[in-house]
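Each of the two complexes below includes chain A, the first together with chain B, the second together with chain C.
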Partner chain A sequence: MPAPIDHAAAARTDYDVLVVGSGVSGAIIARSLAERGLQVLIVEAGPGEELSVAEYETHLTRFYGAAAKDNNSAYEVNPNAPMPRSPDVRRLQAGHPDSTSYLIQNGPYEMDSTYTRVLGGTTMHWEGKALRMLPEDFQMRTRFGQGRDWPIAYDDLELYYQQAERELGVSADVADQTFYGITFPPDYVFPMHSLPQSYLDTIIARDLDGTVVQLEETERTILVRPTAQSRNSIPNPAYDGGKGYVPVGAVSTHQVDQGDRCQGNINCVPLCPVQAKYSARKTLSFGVRTGRVDILTQTVASQVHVGADGQVSHVDYQAYGSTTSPEHVTGSLRATTYVLAANPVENARLLLASGLPSSSGLVGRNLMDHAYLLTWGLLPEVAGTMRGSQCTSGIEDLRSGDFRTRHAAMRVSIHNDGWSWPTGSPYTDLIELVDDANAYGTALRRRVADRISRQLMLSFMIDLPPEPSNRITVDGRYVDALGNLRPVLSYSLPDYTMDAVAVSRRVSRQLFQRLGVEDRTHYDPLDPGFVSHQGDGYVIRGGNHWSGTHIMGTASHDSVVDSHQRSWDHQNLYLVGSGSMPSIGTSNTTLTLAALSFRTADHIVSELTTRPSVTIEG
Partner chain B sequence: MSLRRIATVEDLQQYLHVAMQLEHATIPPYLTALYSMHPTANADAYRVIRVVAVEEMLHLTLSANILNAVGGTPDLSANSFVPVYPARLPDGEDDFEVGTRAFSRDTIETFLKIERPAVAGEDDSRFVSRDRSAGALLPAVDAHEDSLHFFSIGEFYAEIGEGLERLHHEMGEGLFCGDPARQVGPAYYYSGGAAIVEVTDASSAAAALRVISEQGEGLGGGIFDEEGELAHYYRFQQLLLGRHYQPGDEAGSPTGPALDVDWDAVYPVVPDSALDHYTEPGELQDAVTAFSRAYGDFLTRLTEAFNGRPDLLLPAVVDMFHIRDLASQIIRNPMPGRPGVNAAPVFRGLAPVEVA
Partner chain C sequence: MNDELHEAFLDLSSTLTGYSRFRLLGTGQADPYLSTTREAVGEEVLAELLNTYTDVHRDAGDDEKALDTGLRARILSDRLLGPVARNVIKMWFVGTWYELPQEWRDVQATRGHDSTHVVSPASYTEALLWPTIGANPPGAKAQGFGSWAAPPTIDAP
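Coming up: the complex of A and B.
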């Protein structure tokens, strides 16, 4: 265990805060509170024995050995705390829900997004993009008549974005990241300099920069920009008023000294081999070092109990000894304040299973995730594809503008890992060349190199507004090995998003034409995620950016949490993470949810330290 | 070998040249042991040796920084820079030989000798008098005092530290006449369990020396240094004792988690691999030659990096991956005509082929 604590001792301890989930939100809140003197217990449903390189490498070894390298392939199948896995997703037949895997797909759209239930949460498979949201993303209703406004603005989060960029170790240069309303304080620099753009990026930039793209009445000129990333680069000596920044390398119990810089490995997802990419294990290890954070793994929070006063009174848990047996013990944990940081699906699932749909009835609703359209082809020249990290540049110019009144905005990533996402390259290329093309020896090597090093793949990450009908529910017919209700997903892609899918395909054709790319994009009607729209078919992939299930707002009748992520209904309960976000714009959600976590930690501290104290006269 | 006590800047530069040679001399033995392990076996042992090798690279760079600070010119490309293994350490420790060998108990015993803690105190007691060995590796030095040898790397650095102090006392800041632009800073050097130190004055020079001696041999006898880092000697000792050290432990009695070592999951590489082991033309000879050329290119790149181009340490990272891959390929091959023995890379640094 990361800290020597057992369930009996935890049950006897008066914690200030109980955090459910050891992912990035839970880890940040736990560390932040512990550093200010509060006593914190984290319960993690998934496995994890110690914050060591040895344990990390067991995940890595499993990934290397896995036949299908999906983003949860590094983690063992665990019926006691199951998780969605993208290879489980099947094409749905209308009216026939698929309950064969953990996440019950009710349709009509089948979603291949996942999250990860292990120590460190979904940062154990995230790619590491660390994008701020645009100021206009916080005002979708006011500016564009779509979706919802946030109760706070970009400026309210700016300071917390800075804290998140420190914690997540973001590498970027301010000049590259100042666009479409994003602002920084005058002397701000990121902790580390931007990572170098790949050779592929420079080829794309050479041919695309200056291309004009028309989105409704908005005209945009393309500029390929380096992407802000949570992976270690050259530290910026000007950081923090000249104090500089020391990159956080591999989390280690025995001084394994690696991960201070990105080495350019291409398998950022799921795991950086040297831990140059941020994971919540880094934050957890700092938290544990305060001596005020205890962690219980293989401990599933199964029920949240609310007392007559409306406050959460305790949380029941199930602790299992082995992932191969459902045997477990149960008990209850108590704290002054409770934080659910179990990701939007699990947060909603736990609340609904506890009979707490909130007075608004919105728990589980307004589920969002980015819709991804992938387009791919062969470049006319060798571009060095497969030299990492996974994405080093993107196109930000389609993210902002008045066209957002008509269709969703999108952000384009240039993938250094070629066609791996849509086709399973390079493994599928190799199999095809050997089995079908009968290539071997030198010729095989040459053909593999020729085919892979010219691959180009663009991903269009498309905004999706909150809709109450997109939701997570529970259903007594579906339980997991420990008897916990499984999540049921009902989901469809709104026209606002699908119109942007069609625009993305058009833009992709324009960009490929400009690049001289041989378009190899193909959407198979039999593939999961196939959607028809206005006569054309597309395969839409999930972005793993689950959001919205405990949406933030200004009043208890139409939202679940306030701007501090505190439950409107239960004053000592916080629901944290991207589940609180009223919009997701065109930014990967982690940096924003990390910023929200810092803001929430401040609020919890102020609440817990301003309680009236009793003075005994002596 | 013999070095005279440091009396002049030239003496100091001489010592620092030897220091770079010394730090480098440990790396081929460590890498050979590391690469001889079967993939995925011995993960604990792999990490222990890897970290020490990485820290020796930090020490090499710190030595270059000090040498540059006092006006010297680092050179890793000279023919004599790389020892012919088996070799004795260039600081004059001549009671044992160092070779490029497979991972084994004996190899770790040798590593313990390389990293053995200093025993001596001040002044002359750090030297031991012994007959010079014919096999000693000698840098070109003036032998004003004959037959003085350092007992440990720690004592060798202690002499450098005192020499620096004496010269600084005599010369003042004039001692640090090197161009600061030749210093390698944190922008281009990372890893190694401690920050790189840019050396521009007496206190930064002392700080650089402190990192080297504390990380390596724990001068002063502690098993952990000020930053809580375990000294190399004790890292290696963990492999023989089968257990990790943890804070609070006494030397020789680690009480941390068990450390699994599989001494058999190792390729039986030829000890002290040399170019004349590969006289038969063919793929193996080509691979060994390619490795030595790559190693030579790498040392040339480091020389340039330490002579005003610290940015070249970025492509040097790619060189190191290349060196690892080439070495791993060689080690998978049996030696022709020698059953039960595998080939191993030769860290000789062949000059690049001249292209007309």
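Coming up: the complex of A and C.
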């Protein structure tokens, strides 16, 4: 569906805005600007010929046929616009960077987070949790003496959160989501009702609700709540003052609707087969329908050029015809305003490769991601694990409180997909039962059901404050197939976060004791992500919530962008996405970065309309 | 395809998986799995496996305990046949052929395609693991909106 446009035509067109990257952050800006009359070009490094169901099915078949079903297994390997893949991550030897895969791991800690470089970006395989941040998360320095404050507050974003919830099609009920300072306007409802909680959730809630957990001086009473998610449920007729909400189904050139509601495929990562889950292709297809958005796929932005006036003058690109050959053509694209929406790692990589570290020197620094600690065990009864979407409920009670002066906050998800993340279940269970337990026949069937349907896995998503030493850099020794510098990651976890890891393990034990769960958690020192802290070892997983590499602030000397995500150094350049966030709290980042995109779009419109040459329609 | 082989493979598979021949046939995977096994271990080993099973079955008659003892003694603990039988089980349950153990390959230079691979996209969606746990294969055959809120229906074997 991208409008038929070639590079030569694009180079001749006067665009108001050039957007680099077709992920959710770029797609929202493009759609939002085009709907207000601006002419937008999106360049997308990855493939994606059309926004079609047929192409979708190709991804799906590739996924079914892949022996290792990692979270990028639905997408072909593309050396021209490579992406990190979690099975690539290896245990590092001290002092030896691992450059064998696209993202160079400089250590000391390994990080297995990924992102996706295809049309629609990482939301093609995100899980779809759509959480607002807590008001206190915006004031980490003032409230808790940790990390950084935002230059804006929750209340400044509230209206934009509402827009983001509409765009991302969030299913939730206000009563469940009103906690720890999160507020909604009096008559607000989410576009769709909450997704039903899984049978597993109800078993956990039955036994856990009311449990008291002690975090420093803070006492918290556990309540299992449904999780707000970007996947289609039953529309709420009260939405939008009674106008209701029409769920967005499959995007396609032919608009065959493949069924709207989530069917419980438990496959949101890497790919929802019925497109019940939001992906940025939904926003892109609305953008394209305005007639004012052009998209060039297989087009890598390779260099950002700045003129003598300090403004961005043009962006160089490399366009390749096939993912199997490095052959490409190059050229330059111009617009009035430039938006880099390539995600925190790629935005930083592109700026650094262009020799633009910013006057603060902070491009690439303050990299954040949630640290994940997984704990798992067997419930005393069959819970029907492996059904529903990945997670339908969680525990919000460990996210807020004065304990945040001492250690990081955490959010717990209850996983409907059992131990699959930590152990590779159910495959590994089957192999063990056949090869080691010597089970076969009806006995095997019984043992498989018993072993898998009783699984419980909790993930603790732990806050990581911005640390300048956690960073993305580039290094002339490492280039990709098109000659672009590859990202180099330096990463470690401060005590503030590691103390919360230890607390999470303790809380998990308490919850398991209450549930009668047989704890099967173990952390293998040979696994990537293994870290020792105060005598105990843990495996820390990446959260896929890359943030902070072009951090937002109040002044050019200690931040890269202002509260509108505009570069302090270059007035016609915006760096958008979670790279701008000064803290990530305990919310998955996408809803917040979507809200920021809407806010930035407003700002760009107001900036461009003050110029006499642009007329804004409708 | 040779009918006798085919029948013997189905009988063996039914005993090894605990699912009826009828249920196995319903997946449409019997032929592809038989071919996959033949390609990986060769005609001779396949024939030996199936013939041994036919003998064990005949010797045991209707005595389930004798079938179990015979199967363990003559197939599952056999250096050559055991790993192949276990691979057949795993293939039915998850649709993947797993590379045979190093020890097996050292003794028996494999004939053909023995690396770990998903037999076909259909073998993934037809895998028996999912009905065994009352779930659907991730990404396929979803059970419908809200189905996850009810207790699972697991067919007791």
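Throughout what follows, the second predicted complex is superposed on the first by the 607 of 618 C-alpha atoms of A that agree within 3 Å, B and C clash if a C-alpha of one lies under 4 Å from a C-alpha of the other, contacts with A are read in each partner's own complex, and residues count from 1 in each chain.
Definition applied: a residue touches a chain if its C-beta (ideal position, glycine included) is under 8 Å from a C-beta of that chain, and two chains touch if they have at least 3 such contacts.
These numbers come from a predicted model, not from an experiment.
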Partner chain(s) touched by A:Asp436 [first = chain B, second = chain C, both, neither]: neither
First (chain B), second (chain C), both or neither touched by A:Arg261: both
Touched partner set for A:Gln197, first chain B, second chain C, both or neither: second
Chain touching more of chain A, residue-wise (chain B, chain C): C
Which superposed partner A:Asp187 touches (first chain B, second chain C, both, neither): neither
Touching partner for A:Gly388 - first (chain B), second (chain C), both, neither: second
Touched partner set for A:Pro247, first chain B, second chain C, both or neither: first
Contacts of A:Asp14 with chain B and chain C, given as first, second, both or neither: neither
Contact residues common to both interfaces of chain A (with chain B and with chain C): 61, 261, 263
Contacting residues of chain C [partner chain A, same complex]: 15-19, 71-72, 76, 85-86, 89-90, 93-94, 96, 98, 116-118, 120-122, 124-125, 129-130, 132-136, 138-140, 142-152, 154, 156-157
Residues of chain B touching chain A in the complex: 40, 43-44, 47-48, 50-51, 54-55, 186-188, 190-193, 195, 229-230, 244, 256-257, 317, 321
Contact set on chain A toward chain B in their complex: 53-54, 57, 61, 234-235, 237, 244, 246-247, 249, 253-258, 260-261, 263
Interfacial residue positions of chain A with respect to chain C in the complex: 60-61, 63-67, 69, 196-199, 202, 233, 261-267, 271, 273-274, 382, 384-389, 392, 416-417, 426-427, 430-431, 434-435, 438, 440-446, 448-449, 452-453
